[in-house]
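Each chain carries a letter (A, B and C) given by its place in the written order, and its residues are counted from 1.
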Amino acid sequence: MANLDLGNPLMATYAIAASLMILKVVAMSWLTVVRMMQAKGGFRSPEDLRKTPLNPDPDPKQLLPDERVERIRRIHMNDLENVPFFLVAGFLFILTEPSLLLAQVLLYGYVVSRLLHFAAYLGARTHDTRATLWTLGSLILVGMSLRVLYVALS
Amino acid sequence: MANLDLGNPLMATYAIAASLMILKVVAMSWLTVVRMMQAKGGFRSPEDLRKTPLNPDPDPKQLLPDERVERIRRIHMNDLENVPFFLVAGFLFILTEPSLLLAQVLLYGYVVSRLLHFAAYLGARTHDTRATLWTLGSLILVGMSLRVLYVALS
Amino acid sequence: MANLDLGNPLMATYAIAASLMILKVVAMSWLTVVRMMQAKGGFRSPEDLRKTPLNPDPDPKQLLPDERVERIRRIHMNDLENVPFFLVAGFLFILTEPSLLLAQVLLYGYVVSRLLHFAAYLGARTHDTRATLWTLGSLILVGMSLRVLYVALS
């Protein structure tokens, strides 16, 4: 019967990859906050123009988009389009009982592809670099999902 | 004790529905890419105007919204608002040990409702058609979540 | 071996917190619908200007943003950035076998922090209030993920 103990190497591999990806996505929220504080702008809600300890000198321009903030928001959005599905597909993939090596290659490979994608996007590398790294992660996600489908159907 | 083996028919039903939905959402990313390549536009990042093998003739207009691309982005966004929650609610629903028939009706019914929603949205059917299909999926999600809550509380 | 039965108090705690959060996020979709119907606007797709039983008097202005609708969309987006990751981190956290008290404090604490965040955002409270409540939830998410990482690595 499926063994979900974190002492099971397959499950530990998933738990490590999943918690790293969760921390990565949460870091995007914090990075957005950091950049909004640096730019003193890039806000989105009308009430953010109220004078508060965190915003002592409000200015209507603070609601305009700030490219340094928007860049993190685009990276974050790309995460939302990918990571939640990896988190579930990775778990179901473990339940298909792949070899430990295959699980490590795919799950850790996904984590590395997303960290490199982040670096390429943050540094405004050309589209082709970013797209290649995204494609790598997306193909891992598709491959794991197809295996789950195949095993569950057979 | 809960049996998560994919050989367990309840768990297999979940795994099939989940992997189909994951593949469906990932397909939205790929469809966005296809339509951006067809339109040679609908890009979002300033660096996407650099000359590269994938974009040999950059033009500032490539950063303007393109309705054919935006339509897929709206469909994708609707998926992000719904599917991650289905993936977790469906898993917990299986743990409440429903009958296999009920699980198949709700989980496969959800998948069908989302595929029809996609077809209606892609083909720009009237709002009322799209809303009806979305409502069906949303009610399945609410029903499964309420059952999980009820079983976990009792 | 990990016991995922909903009769297991740790797992029941997770299932209650998870289903409450799922219902909360789904409620944002429904609240968007309610406010679009009240405003008779805030729509996003060109086809939503067709005359239908739900929209008997179409008007191009219906595609302009409506702040009452946009506010719910921003709250919803904030949920999408947070809740899917909580749902997976909370599950893995349970697998680390924390004490029941710790699990209840963190999981129910997260739910409460998100409900208060919703109330603060809906009521347009100052940014500082909203940010404090968001931070509380985010720190719970980080803490649970770090514990999963630590246990899986050891």
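List of remarks:
To be clear about the criterion, contacts are C-beta pairs under 8 Å (C-beta built on N, C-alpha and C of every residue); 3 or more make two chains touch, one makes a residue touch a chain.
As the structure is a computational prediction, the values presented were derived from the model and not from experiment.
Overlaying chain A on chain B by C-alpha atoms takes a rotation of 120 degrees, rounded in steps of 5.
Look at the contact of chain A with chain C and you find different residues on each copy: under half of the numbers used there are shared.
Averaging C-alpha coordinates per chain places the centre of chain A 17 Å away from that of chain C. Those residues of chain A in touch with two or more other chains are numbered 1, 4, 80, 84, 88. Within the complex, the chain C residues that touch chain B are 1, 3-6, 11-12, 15-16, 18-20, 22-23, 25-26, 28-30, 33, 43-48, 50, 52-55, 76, 80, 83-84, 87-88, 91.
Interface of chain C with chain A (complex): residues 1-2, 4, 67, 71, 74, 80-82, 84-85, 88-89, 92, 95-96, 121, 124-128, 131, 138, 141-142, 145-146, 148-149, 151-153.
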